[in-house]
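Encoded as structure tokens, here's the structure I'll be asking about.
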Amino acid sequence: MSGGGGCCGELYSCVFDYSTPRIALIKSRKVGLLNRVIQLVILAYVIGWVFVWEKGYQEFDTVISSVTSKVKGVAATNTSELGFRVWDVADYIIPPQEENAFFVMTNLILTPNQTQRQCPEVRVQTGRCVAYNETVKTCEVDAWCPVENDLTVPKPAFLGSAENFTVLIKNNIWYPKFNFSKRNILPNISTEYLKSCIYDRVNNPFCPIFRLGSLVEEAGESFQDMALLGGVMGIQISWNCDLDKKYTHCVPKYSFRRLDNRAFDHNVSPGYNFRFAKFFKDSSNVESRTLMKIYGIRFDVLVFGTAGKFDIIPTMINIGSGVALLGVVSK
Amino acid sequence: MSGGGGCCGELYSCVFDYSTPRIALIKSRKVGLLNRVIQLVILAYVIGWVFVWEKGYQEFDTVISSVTSKVKGVAATNTSELGFRVWDVADYIIPPQEENAFFVMTNLILTPNQTQRQCPEVRVQTGRCVAYNETVKTCEVDAWCPVENDLTVPKPAFLGSAENFTVLIKNNIWYPKFNFSKRNILPNISTEYLKSCIYDRVNNPFCPIFRLGSLVEEAGESFQDMALLGGVMGIQISWNCDLDKKYTHCVPKYSFRRLDNRAFDHNVSPGYNFRFAKFFKDSSNVESRTLMKIYGIRFDVLVFGTAGKFDIIPTMINIGSGVALLGVVSK
Amino acid sequence: MSGGGGCCGELYSCVFDYSTPRIALIKSRKVGLLNRVIQLVILAYVIGWVFVWEKGYQEFDTVISSVTSKVKGVAATNTSELGFRVWDVADYIIPPQEENAFFVMTNLILTPNQTQRQCPEVRVQTGRCVAYNETVKTCEVDAWCPVENDLTVPKPAFLGSAENFTVLIKNNIWYPKFNFSKRNILPNISTEYLKSCIYDRVNNPFCPIFRLGSLVEEAGESFQDMALLGGVMGIQISWNCDLDKKYTHCVPKYSFRRLDNRAFDHNVSPGYNFRFAKFFKDSSNVESRTLMKIYGIRFDVLVFGTAGKFDIIPTMINIGSGVALLGVVSK
């Protein structure tokens, strides 16, 4: 089998012989130096940028998240219409629970004692036109009467003191690819601390309890302005984690941003409001309702992030790619 | 240091000398041509497909989104049971606000004046069996009585006129990696236009106000059929943006799709419905309720998309990979 | 044009000539064998790992999902306070519908007949301090009175029998990049089967109807313990699909996980609860309410997954990268 002619021999030499091109050596300081510099730059790029900066050796996964929230606070109002009244959580949080958001009422147009009948205004028309008030005549409509008058919004906002309410946000995240889960209430936070802390970007960056007013101010907005017509705030929780590091290095980062158009940008339905009714029946079984046009701030908790962990595939792809570039230069 | 023997000299020549293989030139027109053609094809692939078509030079991010919606419209019904009645937003939107969805009631089975007592039917059984009606005897149960009878659904749908309702959808998106945010109410849209426009795929593709009936028809469904038993519609907003282009090129694209099983596919709980109760108390403090089995269409706003922006990493990976392929062919 | 000197000729020979390095053949069995082994390992890696295991020839997309749920079940309670009472879906599901979640009440602190007046306790203080009971004096407050007493939670849980309730979960998924959509009610499931089946990891892994108690137990928790103070459960539906295979191979995979802190980890707001009120009016038009502190389990349906399909780009990137690695070894 050693050497010799024939088919076998050819196959043998094809598999076991090692071929290499003969090399011509050019003894030029300039060309050599330039060549080495370019190789160094590419090597520095591959190692420095791809591996150190962009973590090209990692595989990534995006976050799966679950959020609960619990608002605390009581407000008192004193108006001619309603008299002195206290508002607690069951009054101003509507609906009482949501998945990734919570809504806090800040302003209100109340239309009590509406019943289904005919009254002056402009919706489902009966054809008859009657006096709306002493000076204006409008057409009679079938509707929930009296019809809501939402031409003027209470100013200052009815529940402007909502800025002192606090909210506890509990967030549980999960990276399915790495089966890694964590909570925003970090394990090293004591129960005592949680009972008294308020989130602060500098001093208490991991406290999950937020004062609504501070939260709006962090986003560069005025709570009292926003309270008038309502709006949508984003509470952004970023979970960018390097899972090659220790468990304790993976922590949430909070930021805040206003999500709706400001009033002066486009005044079609500025702010955020919706209508909600409480239904009643009197002793003769006639249904009436209290219509509420509720202005308020909806807080959307937006959780996002990517986790990276060492993986052989992207490492090899990046090395292969870097090597190919090196090879081109060397030729 | 120049030339000379010893260890130093070897190191010197290793670093600064440039070695190149000597080349044998084959003057063959056929082999040469074939070689060039293959190289051109690969080059065309790398440049054309990877870079022009698939944007291999870009890094990508997926969208973070926030949605609010506001439905407008009034419906009137006239039934023997309820008499003439007007339905507005506070009656047919349940719950009054949701995060990425809204629900519009289209059909209804009403069971008024339910109280907690014993009556004939089949839930929590007391053991005694009494006459349900003249011909049928069923077992007496503890329940909210009278028990709901949902064997027949009103046909045509009770609030079929909901097809003329309109909804204003406000969508704010954000690409955290590029800190790029935009709204579906584009900056060049005037307030006047927003007050009168209705979305239309051809003529008004950027109007954020949708007529519910048209929206269902765009998905190839009949609103009146869907209104009977309810269903789930997807309002898909796609934000695929090339952030290397101008800000104004990043625009939303709407599409519509029915998300639930049609009635004839699997008739286990076809459509979409849920039960909801309004609670009342009479003068002697006894609680009663009006049970509503509410059929309707839930509109899920599904926002998705990726944004791409030039980044050095994927560019280098793709070039490296292309170069490697070129190199193989050249050998 | 054939051969010859001048500019044209040089261009001609540059384009059509084929150059190859001359090769020196080393006839060494050891070196050759080692070389082949290394090449085989890399080839095995590129083919085996990248292509077979990690599907490096595919492009990927993440899932877009829509979820509806329908809970069934009736519970009966008998307490001194409320007497015998039956609880159905309209009583214990709050809010009546949500997008990707549903909430089931399991425990309850009821404070009926609250009205706005002054009574002893500690919120909005009037300055006067009065007897709270025979032994304790507290300060008088303006509030919804009588003030809720939530110091003791009913034990065992008021609606512990909720563990026998069932829920039908309908999930529609969509991969926009491949325009592939599917439902968790698989086409081969018969209506008969759906009417009687209950999910079971081993025997009925594709039945979309879940018994709440079994679901909590699958996650390694006790339903009765969780029912006391409430909690958050994740119903995870994973849709990892290889779209190069048949349509029927893409199926959902269910798993269950508790998402909130357990009571003994951090006892700040343990479990999950919220406050909700029903509003009433008496014959003299005075508003009263029944305040409910509702403990319960929120079930979050978390849908995730990636679909892969053959695509030329990642294939070429991986081949290119693998080839580059092969090339290095061959030198």
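For reference, chains read A, B and C in written order, and residue numbers begin at 1 within each chain.
FYI, a residue touches a chain if its C-beta (ideal position, glycine included) is under 8 Å from a C-beta of that chain, and two chains touch if they have at least 3 such contacts.
For reference, the UniProt names are A, B, C = Purinergic receptor.
Predicted, not measured: the structure shown is a model, and the values here were computed from it.
Chemist: In how few steps can one go from chain A (Purinergic receptor) to chain C (Purinergic receptor) if every step must land on a touching chain?
Modeler: The least step count works out to 1.
Chemist: So if I superpose chain B (Purinergic receptor) on chain C (Purinergic receptor) by CA, what angle comes out, to the nearest 5°?
Modeler: Angle of rotation between the two copies: 120 degrees.
Chemist: More than half overlap in residue numbers between the two sides of the chain A (Purinergic receptor)-chain B (Purinergic receptor) interface, or less? Answer same or different.
Modeler: Different, since under half the interface numbering is common to both chains.
Chemist: Please work out the Cα centroid separation of chain A (Purinergic receptor) and chain B (Purinergic receptor), and write it as a whole number of Å.
Modeler: Their C-alpha centroids are separated by 17 Å.
Chemist: Would you mind listing the residues of chain B (Purinergic receptor) that make contact with two or more other chains?
Modeler: Only 21-22, 62, 95, 98-99, 280, 283, 317, 320-321, 323-324, 327 qualify.
Chemist: Under the definition above, what is the set of chain C (Purinergic receptor) residues touching chain A (Purinergic receptor) in their complex?
Modeler: 21-29, 31-33, 35-36, 45, 49-50, 54, 56, 62, 94-95, 98-101, 103, 116, 123-124, 142-144, 232, 234, 236, 238, 257, 259-261, 266-269, 272, 274-277, 279-281, 283, 285, 289, 291, 294, 298, 300, 302, 304, 317-318, 320-325, 327-328, 331
Chemist: Give the list of chain C (Purinergic receptor) residues in touch with chain B (Purinergic receptor) in this complex.
Modeler: Touching chain B (Purinergic receptor) from chain C (Purinergic receptor) are residues 13, 15-22, 62, 64, 66, 68, 70, 74, 76, 84-86, 88-91, 93, 95-99, 113, 168, 170, 172, 174, 176, 181, 183, 185, 189, 191, 194-195, 278, 280, 282-283, 290, 312-313, 316-317, 319-321, 323-324, 327.
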